[in-house]
Amino acid sequence: MSWTIENYDRLLVALWEHIQLVGVGLAIALAIGLPLGVLSARRPGFALVVLLVSGALYTIPALAIFALLIPYLGLGFWPAIVALVAYALLIIIRNVATGLQEISPDILDAADGMGYGKWRRLFAIELPLALPVIIAGIRITVVTQVSVATVAAFINAGGLGDIIFQGITQDFGEKVVAGAVVTSALAILCDESLRRVELRLRANQAEHA
Amino acid sequence: MTIRLEKVTKLFPGVTRPAVDALDLTIEKGQVCVLIGPSGCGKTTTMRMVNRLIEPTSGRIIVGDRDVTKADPVELRRHIGYVIQQIGLFPHMTIAQNVATVPKLLGWEQAKIKARSEEMLDLVGLDPAQYLSRYPRHLSGGQRQRVGVARALAADPPVMLMDEPFGAVDPIVRGRLQEEFLAILKRLKKTVILVTHDIDEAIRMGDVVAIMKDGKLVQYDTPDRLLAAPVDDFVADFVGADRALRRLSLVRAADAVEPGGAAGDLMLSGSLSVREVLSALLAAGQDAATILAEDGTALGQITLAAIRARSAGGIP
Amino acid sequence: MAQWISANPSIFIVALQNHLWLTGVALAAVLLIALPLGLLLTRHRGFANIAIAIVNILRTVPSLALLVIMLPLLGTGFLPSVVALTLYGLPALLLNTYTGLTEVDADIVEAARGQGFSDAQVMTRIEIPLALPVIFAGIRTAAVQIVSAATLAAFIGGGGLGELITAGMANFNFPQLIAGAVAVALLALAVEIAFAGIERLMTRQLRMGAS
């Protein structure tokens, strides 16, 4: 454990880099994915295209995507973000669309009947009600991102994967374990916190107490 | 506000028969008009054209002095109360926020909204202190229905559209709600279109009843005349073979008394319907009953013979 | 890229074979463990809660972390890779098997019991067939996850197509890098499409069988 204790600051830096990768990736994916998700919910044709494209992307292993992007984007933080966003997009879009489609049509009819315009209805009624499903999507996304970001160290994006790779090349077991454990802990922590948020939201919006 | 439908037609794409076929209908200000008919007759479609949730294919709909087919639909709906069977309360908002929906859309100021929300809950029989901060999921079906009506009345619209508003509640609660809301609507002098498939509800709640079939208007009359003189076999069937009895339930005993005191000791309250008086007479094996006012004084009597004469259509 | 493959066919084939072996063995292990275990848990619901909690945590652990954790425990090579991949694919199938079986319509099970089916018969004739679509979806998920994660086995000496990528990077041999990346991408897509196709055939069979 000696290395870990002496170098916890390096671990923290790596952790911070990792959080940045996941955070920025998530933010961009949400910015693109939310509007696309709304569009998906409204137009089944579009939804199908989106599903196929992002579904294909999601199946390709992370390492492969990173490798394939090297000739075009090079190495470093931002190329990694491109891949991270690509992965996140499917889940976000799908969950936004599903969340919106699951809203009871009676509620939408009542909203229309009372004089909500289209945009106001989207922001005041539909998105709030779709929130639990969207959060569920964010939760899966974050866990996936933590995993993908680990591999991003391969293209010099930093993060906890870096510590792990150093440990492998240096044949230094403790680094490997420290990196792996902290990464896992991060993933588990994010998953658990978002799970609670999701449950809270579902309880608040239940049709029946 | 008067509501006038002039040759209103709705033809859905891909369907040969129009859902609503050149409908002409006039509802006077302050009247409750019930649209009734078998499934697919076009009653709900008609109602939903008044607030443009469905666009008419042709024809005009005039509310007050405005042709609604030319108005902005969103703005229009903010001035028409809308109550649906499943109510559609917003689960993520409190009762207060639900009731305040249209006032907020109209830009009322906060203090006015708050006062109005409390007033509306009081109106429908719910204690504001108790219910304003609750969520829909905490309320029973009947309570949610009341909130639904409160929400529709909040912005004080002159016109109300109600689609099977009491359909989702159990029969016992339904009867009570019907009475209460009829009283409220009358007191507030709202012009109401109410859609139902329940003939008893139509007779109880309507000033005028429009029976529809296959998109067309078959008969448009007061409940009493509908029961007394159905225009064809379809209406007669629809209204039910016991329409004679039904007519009797429309009249209060106190309004149907003859002078004189009845032999025998059967005394009944004047607030009962004539039908209930008939039922009591049959059960007691009597020919006549004395009818009493609320304070116990005798108003007069009702005899079996008189009831028979009334049923035969002799007395309007 | 194509040139590199034609110039080095043996390296490519070995990498591909390795990848398929890793995937195949891990998937087989997952099937052998998760299916019976899932079944067992439906009969002992108390344990199910603990098992599900553990599996949910396992599901969250990043694939790379799972693989490298094997290093201090089992060293490098084929075996630690397979163990890690098995652990990685297990949650998907276990959860799907369990939920698939428990979510079979209770009324149907009741009716079956009422007609005189024994416990074993209810399981084999009613519950498993009805849970099959969900279970198969779990198998599909596990398969795709494993074939994808097997790419990373290269980092702990497990071989596979990932090794083409890592070696290509280390030696600045770009064609090799790309060859590995494209190959594993196509393989993953192929597995996904194949399983999706089987799943659709299965649901159609079931629907025809049911009617």
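The chains carry the letters A, B and C, assigned in the order they are written, with residues numbered from 1 in each.
Keep this in mind: contacts are C-beta pairs under 8 Å (C-beta built on N, C-alpha and C of every residue); 3 or more make two chains touch, one makes a residue touch a chain.
Bear in mind that the values here come from a model prediction, so they are computed numbers and not experimental data.
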Excluding chain B, groups that stay connected where the other chains sit: one piece
Most distant chain from chain A by Cα centroid: B
Chain at the geometric heart of the assembly (C-alpha centres): A
Cα-centroid distance, chain A relative to chain B, in whole angstrom: 52
Chain A and chain C, separation of their C-alpha mean positions in angstrom: 22
Centroid spacing, where centroids are CA-atom means, of chain B and chain C in whole angstrom: 61
Complex interface listing, chain A residues touching chain C: 56, 59-65, 67-68, 70-71, 143, 146-147, 150-151, 154, 161, 164-165, 167-168, 173, 176-177, 179-181, 183-184, 187-188, 191
Chain B - residues contacting chain A, complex: 51, 53, 74-80, 82, 84, 86-92, 101-102, 105, 135-138, 151-152, 161
Residue numbers on chain A that touch chain B, as the complex places them: 104, 106-117, 120, 125, 128-129, 204-209
Residues of chain C that touch chain A when the two form their complex: 56-57, 59-66, 68-69, 71-72, 144, 147-149, 151-152, 155-156, 162, 165-166, 168-169, 174, 177-178, 180-182, 184-185, 188-189, 192
